[in-house]
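The first chain written gets the first letter, and so on, giving A, B, C and D; residue counts start at 1 in each chain.
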Amino acid sequence: MPNSFGKLFSITTWGESHGPAVGVVIDGCPPGLPLTPEEIQSELNRRRPGQSDIVTPRKEEDRVEILSGVFEGRTMGTPISLVVRNTDQRPGAYEDMKEKYRPSHADYTYQAKFGVRDHRGGGRSSARETIGRVAAGAIARKILAQAGVELRAYVTQVHDLTVPAAALVEFPTLAEIDASPVRCPHPATAAAMVERIKAVRAAGDSVGGVIECRVRGLPPGLGEPVFDRLEADLGKAMLSLPATKGFEIGSGFAGTRLKGSEHNDAFETRGGRVRTVTNRSGGVQGGISNGEELVFRVAFKPTATILQSQRTVDVRGAATELAAKGRHDPCVLPRAVPIVEAMSALVLLDHWLRQSAQNRTFKF
Amino acid sequence: MPNSFGKLFSITTWGESHGPAVGVVIDGCPPGLPLTPEEIQSELNRRRPGQSDIVTPRKEEDRVEILSGVFEGRTMGTPISLVVRNTDQRPGAYEDMKEKYRPSHADYTYQAKFGVRDHRGGGRSSARETIGRVAAGAIARKILAQAGVELRAYVTQVHDLTVPAAALVEFPTLAEIDASPVRCPHPATAAAMVERIKAVRAAGDSVGGVIECRVRGLPPGLGEPVFDRLEADLGKAMLSLPATKGFEIGSGFAGTRLKGSEHNDAFETRGGRVRTVTNRSGGVQGGISNGEELVFRVAFKPTATILQSQRTVDVRGAATELAAKGRHDPCVLPRAVPIVEAMSALVLLDHWLRQSAQNRTFKF
Amino acid sequence: MPNSFGKLFSITTWGESHGPAVGVVIDGCPPGLPLTPEEIQSELNRRRPGQSDIVTPRKEEDRVEILSGVFEGRTMGTPISLVVRNTDQRPGAYEDMKEKYRPSHADYTYQAKFGVRDHRGGGRSSARETIGRVAAGAIARKILAQAGVELRAYVTQVHDLTVPAAALVEFPTLAEIDASPVRCPHPATAAAMVERIKAVRAAGDSVGGVIECRVRGLPPGLGEPVFDRLEADLGKAMLSLPATKGFEIGSGFAGTRLKGSEHNDAFETRGGRVRTVTNRSGGVQGGISNGEELVFRVAFKPTATILQSQRTVDVRGAATELAAKGRHDPCVLPRAVPIVEAMSALVLLDHWLRQSAQNRTFKF
Amino acid sequence: MPNSFGKLFSITTWGESHGPAVGVVIDGCPPGLPLTPEEIQSELNRRRPGQSDIVTPRKEEDRVEILSGVFEGRTMGTPISLVVRNTDQRPGAYEDMKEKYRPSHADYTYQAKFGVRDHRGGGRSSARETIGRVAAGAIARKILAQAGVELRAYVTQVHDLTVPAAALVEFPTLAEIDASPVRCPHPATAAAMVERIKAVRAAGDSVGGVIECRVRGLPPGLGEPVFDRLEADLGKAMLSLPATKGFEIGSGFAGTRLKGSEHNDAFETRGGRVRTVTNRSGGVQGGISNGEELVFRVAFKPTATILQSQRTVDVRGAATELAAKGRHDPCVLPRAVPIVEAMSALVLLDHWLRQSAQNRTFKF
């Protein structure tokens, strides 16, 4: 089931960018959780198009409807079906895409794989698919929040603009992150990022960057070696997002330049429990959470859609040129922040349930 | 099933470092494949301890035995059970580990998760577990090879020593890679790496680095959006390996610093089929292979085991010190090369079968 | 994912009887299949309430809407989301069920499991859930039909009325089955069954019975030992239907009274291929189809909802009485016929794809 | 993974009848369980060949070896690998089977599916495969026993000899069941069954029958609608066993002849909790355990191997005759009793863990 994710708290997303709707079915949700459409909506609003002047102006309210699984304001343990209707469809704007493969998009590969495709706005490969992920993630994060877990994703790099490392020692607040439309919690860098995004958009170009995510309040013990290590499932979750090209946890690629004596996290007893003095491990050791802050980063490439003319081929293989006309995000990162949080919440809740099943059900 | 990997060509590994044996069961292997123990053994020999003077001297022949699934030299489509006995066990050497948590190892997290653990040599968290992966990968890669697919992993970075980018334009041969015990195909860099590894070992320290993997001969169409994208499953596979901290595909983290106009891969028709002019996508677009060379990189942290004294706590939480005495790899990368190849082969064959099932079985 | 079924052609159903809607997401459908809503609708019409005077008069059009996965009349290989709105909701009619557990229904067990439940019409435990199965099954059976496979379920027993064994030698036609509202292809028995159902309904009572299903045109080779045997997956599929209490294939329970010499199916070569002379195996040997007609039977208990007063307890455990008032089926079998066919089609198509993946992709 | 079973407590079996060994890997076992090889062995001894004069005389000690997952006498939560060597191999006895398809065996279907097969003793299709199931089941049942659950399977029918219904009101003891080699707890019937089995064996023939299984001590709440209903997973488990042709729960096929008013199980409060007055449901309502005794029955066909000459075809399709010479069970039921118990334990423990994960981890 390539459109499903999670073993115990599982989601199945469906929908094309310009079809009637997109949605998600959540299976395995613990019962009894109070849940309103508004709680889901507020997360969707953070990824909605048109929310600021540095994202796509596509006009979608992304209004979520709960079709099942919730009764009298509480989850029932049965599948929760959520639907968002697509309203601002301009299929005419995509006629070119019917005939030509957009460079670094999925047009050609979908055609090669399936032999057919919905060319309108990328069809299934559109980031619109992530609506279902964010909606489901809203539920997962609410459960985690009740268990004391906080998740926070934010932009640390756009193009070559990077938050100074020293500026990120504290766990940023939601207010600090959302203070800027670019969702970078460092005001000076954020301002520069907004300018950069506007500048590349004006030039018909695009930029990428890096999102960092931190989670605190996790108990030790989450993650299932040897294949379902916590970082492996987090990595898969992130690399399943459109436009991602890399994932690293803790010290990541930079850590490869340290010696073991510099990299190892010494243990100490602090606050009555085993803690590490440093956190180059990023909260995970041997694939299992160690109770420290989870820290990872995701690389997003520059948006493939640009307004400049590009060399490509048509569906018959003939050389041609193509320049996007439609609405698009010159930088996907601001809207990807809630998506990264959603996927993190899904992975963590799923692993919490798995851990509970194997290791907390029976005592011998 | 946290110890299983793959949907159609699936493996289940088992075994602890100092238990009686380690092994793997392969389910879903296509029938009729000629297969000898020697073909599996030759891959195991590339990851075997004691193969050179820059790896651990633990004496293990890692002799594989086929217990099922092969009859008269051919696979039968039934589960293939492979076992390797552990022979060089020195449990005495690990008494310290029973009482003390080794920094940046999985001792503490296994204890926190399961409440019990086999402390000897890391038990299940030992890289010895990867024997099963390499054995299974040998079968997967043989099948892929018959379909024209070649996989090649090699070391591109050890500590701060990096192969010059210009030196890696060609797909390296196995001979070029294995010419040096460090498995770096650039002779000058390889020589420096070997010296570096010897130096840190002499200092009781360790180093990490980066392995790059390239695959050619893949058809377009492999990978299953939206969650089982090819890069997502490759990323999960790599991040499920011990000591990994990062994964990137194609342009990766560096690509985040380019503009869309610089990053996009233009299409052209070449050799009668649709090709990209550049390959910043790394062989994957929209989660599906595009027929170009697959290129990805994996970050390995410095080996956690070092001979220097380190600060830690014991199982009761009391502060203590610990210095490893046992045999260990000062740098895991040389032996990780065949493991990366094995995991790649497992992912690619599994996706090949999945692609065949959905998109090649029926024609309408 | 307890609400998902199938490995490669997978469905996920959702929805409660008196919630806003019920539906299904189909993942893994082969692309390129011509598909109209009408083709799905015609199957739904066979299970729709109100279709005859021996089934529940609940007024539901069960109008299906395709929300994704189909573009310009063809499947795309992406998830197909189908929704049916619930329209004839009379929640008031179920107030009693809020306080009292209906005997032999799922009220008590859902409460015991989840701690909450939608009491209206059984909520998730309602047979209304099977709408999604029938809708998905319509697609599966269309694909199978194009491959030459025909499925036919029909009623062979209602209460103690049974079709004479000799009357079922031929594969019945759809017209023969649907000639009577009870969907029994033997006219005399069918007439008696209709009378019996009307009589028990008049008495406020209910009856059960047996549905037989036959499939012809299957190739040998479908089914995956050792756990995913064809009969095991068919059995699970049938026993996952509401009100089922038994499943048997081929000679079934009666076959246990034969000796091996009487029961074995001799082989012969007929029509150029290996055939069995008899078919006590029911089309499956060792868990794999042998190319003969698949024959199995499913036992359905009498409808739990009866209009007579019954002894029960309320949600606080106090003794009470309860008599159903709502609309219900005095016998579920007529409407279960298309459901049995749908589940069969789902199992068979899924196994066809699995067989293709492992055994038809590579040739050595 | 067709050779795996279970979602959280999962097993993967492997091995051919005349290969080097058979075995199982158990993944997801709760840690900390005291476990000795002897506990597993005692279950294996109940299914071992040669244990009485009404079963096959094949000489196999079926000595189990634990290769991983257990340390210092306790499970660790890591995969448990169990191996049993095949010792009494007489491949020569099976030369005929290389050339001829045995009627009602899996020879032809394995060949049709995989294109190759191990003809010796049925290879993978041999009931020898169930060793792994019984070994894994021994662990599952030990955990269940500690939670107060008892499982008991026993033979109720051999050929046309049936235990009188009135004789089975009590939950039989293990001693009562194993008092006779046929494992029927009703002494008079058991004696007749033994005579019947000896008689058919003397005639070179075989017989089948029915095994009933009862489980008590289960909490309400196990089972996961809509597809993973408890009876659906039990049914699949049983129908995945060699030689099974049917499954029924509670009232089963006979219940189809009752009216709703006769069949429904009234509720009452008894012993401080909600109970049913009767148990036609067989312990399951709506796919979820209701806390009553679980009762189900499994139909086994007469052993396909008979010593009489039978009509068949050879691998080229030419008509021929075949008479078995090897050792075989004239009736599989006595040895199938522990296998039915093992599969029941696997299903129930798996569902217990699933129930715990979704419905016992979080409280809102």
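In this section, contacts are C-beta pairs under 8 Å (C-beta built on N, C-alpha and C of every residue); 3 or more make two chains touch, one makes a residue touch a chain.
Since this is a predicted model, take the numbers as computed values, not measurements.
Undergrad: Taking CA centroids for every chain, report which one is farthest away from subunit D.
TA: Between subunit D and every other chain, the largest centroid distance is to A.
Undergrad: Counting C-beta pairs in contact, which comes out ahead: A-D or A-B?
TA: When A-D is set beside A-B, the one with more contacts is A-B.
Undergrad: Using the average of all C-alpha atoms in each chain as its centre, how far is it in Å between subunit A and subunit C?
TA: 39
Undergrad: Nearest whole angstrom, what separates the Cα centre of subunit A from the Cα centre of subunit B?
TA: Comparing mean C-alpha positions, subunit B is 26 Å from subunit A.
Undergrad: Between subunit A and subunit D, what is the separation of their C-alpha centroids in Å?
TA: 45
Undergrad: Note the residues in subunit C that touch 2 or more other chains, in rising order.
TA: Residues 2-4, 7, 13, 28, 31-32, 74, 77-78, 113-115, 124, 225, 354, 359 of subunit C touch two or more partner chains.
Undergrad: Can you list the subunit C residues touching subunit D in their complex?
TA: The contact residues of subunit C facing subunit D are 2-5, 13, 101, 103-106, 108-110, 112-115, 124-125, 129, 157, 159-160, 200, 205-210, 220-229, 231-240, 242, 244-253, 255-269, 273-274, 276-277, 280-282, 284-291, 299-306, 308, 310-313, 317-319, 354-355, 359.
Undergrad: For the complex, give me every residue of subunit C touching subunit B.
TA: 7-8, 28-34, 74, 77-78, 143, 146-147, 225, 352-354, 356-364
Undergrad: What part of subunit B is in contact with subunit D in the complex they form?
TA: Per the stated touch rule, the residues are 1-4, 7, 10, 12-16, 19-23, 25, 27-28, 31-32, 65-69, 71, 74-81, 83, 113-118, 123-124.
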